[in-house]
Amino acid sequence: MNEYIIIGNGVAAVGCIEGVRSQDAEGRITVISKERHPVYCRPLISYYLEGKTDLSRMPYRDEDFYEKSGCRVLYGLASAQIDPAKQTVTTDDGKTLSYTSVCVATGSSPFVPPIAGLDTVPDKFSFMTLDDALALEEATQTPKRVLIVGAGLIGLKCAEGLHARAASITVCDLADHVLPSILDADCASILQSHLEQNGIRFMLSDTVERFDGCTAHMRSGGTVDFDVLVMAVGVRANTALAKGCGCETNRGVLVGDNMETTVSGIYAAGDCTEGTDASCGQKRVLAILPNAYMQGFTAGVNMAGGTARFDNAIPMNAISFFGLHVMTAGTYDGELYEEKTDGGCKKLYTKDDLLKGFILIGDTTRAGLYTSLIRERTSLQTINFELMKKVATSAAYSSEKRKRSFGGVV
Amino acid sequence: MKRVYVNEAWCLGCHLCEYNCAFANSGLQDMATALKGKPIYPRIHIEGSDAITYAVSCRHCTDPICVKSCIAGAIRKRDGVVRIDQTKCVGCLTCVLVCPYGALSPNENGVMQKCELCLQNSCGEPACVTGCPNRAIVYEEREEDA
Amino acid sequence: MGVEYLTPEYEVIRNENRCIACGVCVRQCANEVHAFLEGTEKIISDDAKCVDCQRCVSLCPTHALKIVKNDCRLRENANWDNDTIREVYKQANSGGVLLSSMGNPKPLPVYWDKILINASQVTNPPIDPLREPMETRVFLGKRPQKVERGADGKLRCELLPMIELSMPIMFSAMSYGSISYNAHASLARAAQALGICYNTGEGGLHEDFYAYGDNTIVQVASGRFGVHENYLEAARAIEIKMGQGAKPGIGGHLPGSKIVGDVSRTRMIPEGSDAITPAPHHDIYPIEDLRQLVFSLKDATDYRKPVIVKVAAVHNIAAIASGIARSGADVIAIDGFRGGTGAAPTRIRDNVGIPIELALAAVDQRLRDEGIRNDVSLVVGGSVRSASDVVKAIALGADACYIATAALLALGCHLCRTCQSGKCNWGIATQRPDLVKRLNPDVGSERLVHLMDAWRHEIKELMGGMGINSVEALRGNRLMLRGVGLTEKELQILGIAHAGE
Amino acid sequence: MTPKEGQVRIPSGCAIAAVISREGNRMTGERIIEAMKPMHDRSNGLGGGFAAYGIYPEYRDFYALHFFFDSRDTRKTCEAYLKERFEIYKAERIPTRKLPQITDEPMIWRYFVAPLQSVLRDLQLDEKEFVVRTVMHINTSMKGAYIFSSGKNMGTFKAVGFPEDVGVYYRLDEYEGYAWTAHGRYPTNTPGWWGGAHPFTLLDYSVVHNGEISSYDANRRYIEMFGYKCTLQTDTEVITYILDYLIRRQELTLSEAASVIAAPFWSTIEGKTDLEDKRKHIYLRTLFPSLLITGPFSIVLGFDGGLMALNDRLKLRSMVVGEKDDKVFVASEEAAIRVMEPDAGNLYAPAGGEPVIIRVKEGAY
């Protein structure tokens, strides 16, 4: 009987479990979970703070998921090391488990930069895990002034999550616009003004030089007084475990399309990996949820002897702030098609007869058609792109393709 | 399994499917009461260009990417039907970002909804199908690659 | 033109409490009756454009619409009734011949409704069609006078080409052009599924429908549109159209605007040219010319196709039929004055020709009196509306019935009688692609099959009641009929007794 | 006044019986009269009759015309008409017995005649056709005269009354024939008419029939195209004409004729594996659709040298067949056969549409 070990208990792990089970109903699966919660999706934590979901609704799978999947979960443990020669995993409480194949799904961790005086801040938090959210909830039982360092996805979702609970929210970032990793300055300004209208204060192109208790001294010279500090500068893939057993790593653990690392029998999936971005062909850490699941599933299938490839991963994000939806995908490279709408915009990037990337703010109707064009590398000559540019619709496809889509099993 | 299929050759673009859908999922007895004077949020939508029109609703894909992408675990496929647990949905629209057919859309409260083949309401058979005046929408079993 | 004196004929009544402004009516009306009041969700209707085709009424999901006859009336006058006066206004406006479509709507006697059918009681058992076989199959065509035997004494079982029908009904001629591609597809598919025939009319046979050849009767009309060797070869039978019940004595005119694309190719005439069907066949002035055409067609098809000659029911129909029976034709089709049309001058439609019931009775009796009834089969049309009309026609002496209006109704026609406008909202009498697609042949053919299945059941029930288990024993069985409210003369022509006798 | 036969169509129920000797042995009429007694209730006293074959051997070359006349004048006119066309070999009253049960009798005569050859030549007609036309003419045009039997070496005897009384009345015990058929009638109107009783005959064809056919007017209007005049409006009359048309004029065999009037269902024909047989049935049904007889009937057709019994294709009327030695019996009820021959064997009810044809040995009649 095969022994499968999955290190990590996030969405990639669930994908891996379901992938293994699609091939092998018998083999034993062991999940080693650092967190003490059954699997939930980390993006939900801001919604939790906001009150849009609660602990009972947050689990990613049903209560009996592990049992039905024939999986044992070792909660509260981290893996100390993998021995690829012996095919064993040793946990930090000293147990040694043998494996037939192992999947590293260790995710990522918040990066906390060394800022002077950070240790003087009494209430400081990261915003990654449910425990972080629970702690923040506890800390904001009464309205507090909140300072968030980092205007990326985590920082802004945290701002939205805390909005109703906070007396004030200030977000600072060294970058000159919000969501610098996924938006250009132009689009970011639309979002920024929307957030500002909702009471979020921004200090951009600026950063904290030094903390002094509950006061942040900014590089620009000003100070911000706060009660609660959230550090949301960025995340780093957790590569140490894989690196420790000889897997090649860069910013993440390097994997092929089959999710195997450079060490045979060791697979990796999710935020800890670095795979190929199909929209540009480069290796990247694509720390987004759909990819995590699909990588996990692919790894699981291959671990159990099946054959699966996941070769159309692209960066993509659907996110909303105070009712304003923002969607992005792919790479912003090539010729730009741009539409401005009232309180929103659309940007499409095309190159070499392909759609490479897009940014949508506001109207996101049927955005999946654009995503699909990028993922499927659809030749734009084969569709009515003039129509598609203006409105995402399958009317731009050939009637044969529509016939397959809407008249066949897909 | 039976799915809803659309043949654009016969779609008249009359939009009745949208209204029948909205009514079927309203839980109300009378269409006028259910739909009069308000915007409708159907789970099927007419799309098209000048030359053609057709209705789009969930394809209940063999390998549904929306299920894999849902950040809340709210979309699941059971017995061949892709369903949304609306109590879990947080309205992030990731499913809209990934669905290649444009089959999902939010309801008036921003919660996602999609065609669930009228299995959850009292229609028995999809309302868009029974109400289509030209059999452009059918509910039947078809072979893969047929 | 200033004021035209014409008040709207119909009134569109919208129940505002039920209207959900879904806009189906707006999108579905080719006459553009309904429209959103600009910038609002309110829908308004222009009564003057309404032809009462009921498309909007049928599709309105909340049943918020009804169309009623406008009750704005001129001063009552039993002689100058409203319609007569309107027609005068129209002609004074346009200076033209009035055009109409479909069958004669005037309140002239419908003899079918004055004939009642017998049933068995006591002396003879009714037959239950659910328990016993009940046969509706018929063969149309000429039957040899004498049985022939070979030298071995065995019967030489050779028959002339005949049309075999699973039931005594065919879809009568409607041309591609006057009706849409999808209407033709529906008819062809239904005819094949039912084991009966449909008829191309004079518009030729679209290449897509050659596959239905065994269930197709191809027409050779005075315009000779679409007639070529393959066309004749493809068919089950060939029909020479001499006349049509709705417009005896005149030809046809399909405007150039309808001669587009496939219609033009199928008719073999240039796009945009008017298709003028002459009133006579210019190669048939006397009856002997007809004989020549009959045999030309038979020669052309190697005597493998029965030839039908279709005529309108006119005053001396019995003599005409006798002449046709002797012309070599295998089947005579007679079209009564209530027959439909895609377009006819109103005056002709409403005033020329005679009822099919009387024509049929007269012709059947005349052919029997002359001993030539077996030389031809008789097919009658011109408002056969139901299974009981069929049963009555067969009992009067018909071999089979032609139906068209009933078939169109099955396809969705609401008898608004404005086919000539080309804006048929039901996708039948139109060539506008957006309207044509409204008739899905899957639905159309299924509805036709349903209709015919239903009629077949009813025919069987009626026959079973009479104790007859095959349609052959019903044909010409006038004892099974009685008249009500008919004069001696009418009874005499129909060859039936009065009820109670 | 209640209408009589010919003025209106009168449906009726009936009893039939028949006997034939395959060896051509002649029997008196006694047994067939007895056979009708147990079926008394199938008649109502408004019509009975018999047909006998082989009874006039000494006049076998002459047509035996049996007449009803309503007056002496009619008879004289009729005789004059006959004389112009036939050689009358013998003319006589048909002998009868007075019976209280039989009343209102017409004048009943028989003529043994042969057509004049010169007349046949002039009209270019064969003998049988000429006789048929004469019968049609007299029965339709000469008021008060009615030919009810017109074959050679056979005769029909019929009257208003119960069949057992009619047999005694006509002294059938004094005739000897190789085949007999009998009929008792249950018409649904009161008076009955002597001419309307069965059997109905034309030339040597006689038909006794039990049933009421629903195809009557379709059959009648068809057959009338060929010179037949259905003056009585009875089923028996039209069936007789149909059989005459098919057998004599179209020269079909008896079984082919049976396949026309009681044609198998299309589904049966399509199921036939004998392709020649299948083709034949398709041919006959297609050629003679209007001679299909629907509705209930059981008939016995008498002809020169044999009998054919036939039921409608659904077998809506009873009819049984039995045999003993050289004799074959047919009747509506088995009881009638038992009366004629208590030891009759091989009893069976023929299927609907299946003709039972019995022929007398060649040369034995």
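In order of appearance the chains are A, B, C and D, and numbering begins at 1 in each one.
We take it that a residue touches a chain if its C-beta (ideal position, glycine included) is under 8 Å from a C-beta of that chain, and two chains touch if they have at least 3 such contacts.
Values in this document were obtained by computation on a predicted structure and should not be read as measured data.
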Hypothetical removal of chain B, resulting connected chain groups
A | C, D
Report which interface contains more C-beta contacts, comparing B-C against A-B.
A-B
Determine the chain that sits nearest the middle of the structure, using the mean of its CA atoms as its centre.
C
When the C-alpha atoms of chain A and chain C are each averaged to a single point, how far apart are the two points in Å?
69
Chain centre separation in whole Å, for chain C relative to chain B (CA means):
42
What whole-Å value do you get for the distance between chain A and chain D if each is reduced to the mean of its CA atoms?
103
Between the Cα centroids of chain A and chain B the separation in whole angstrom comes to 28
Quick check: what residues of chain C touch more than one other chain, meaning two or more?
none
Which chains touch, pair by pair?
A-B, B-C, C-D
Note: in the complex, chain D contacts chain C through residues 9, 11-13, 188, 211-212, 214-219, 221-222, 224-226, 250-252, 256, 263, 265-267, 276, 279-280, 282-287, 289-290, 292-296, 313-314, 316
Sites on chain B touched by chain A in the complex
3, 5-8, 47-49, 52, 54-56, 59, 61-62, 65, 68-69, 71-73, 87-88, 90-102, 105, 110, 142-146
Can you list the residues on chain A that touch chain B in the complex?
15, 41, 43-44, 47, 52-53, 57-61, 289-290, 293-294, 297, 316-320, 323, 325, 327, 329, 364-369, 371-372, 376, 384, 387, 392-395, 399, 402-403, 405-410
Can you list the chain C residues touching chain D in their complex?
120, 123-125, 127, 132-133, 135, 137-139, 143-144, 146-147, 149, 154-155, 157-159, 162, 368, 371, 373-374, 397, 466-470, 472-480
Using the touch definition up top, name the residues of chain C that touch chain B in the complex.
17-24, 27-28, 41, 58-59, 61-62, 64, 437-440, 442-443
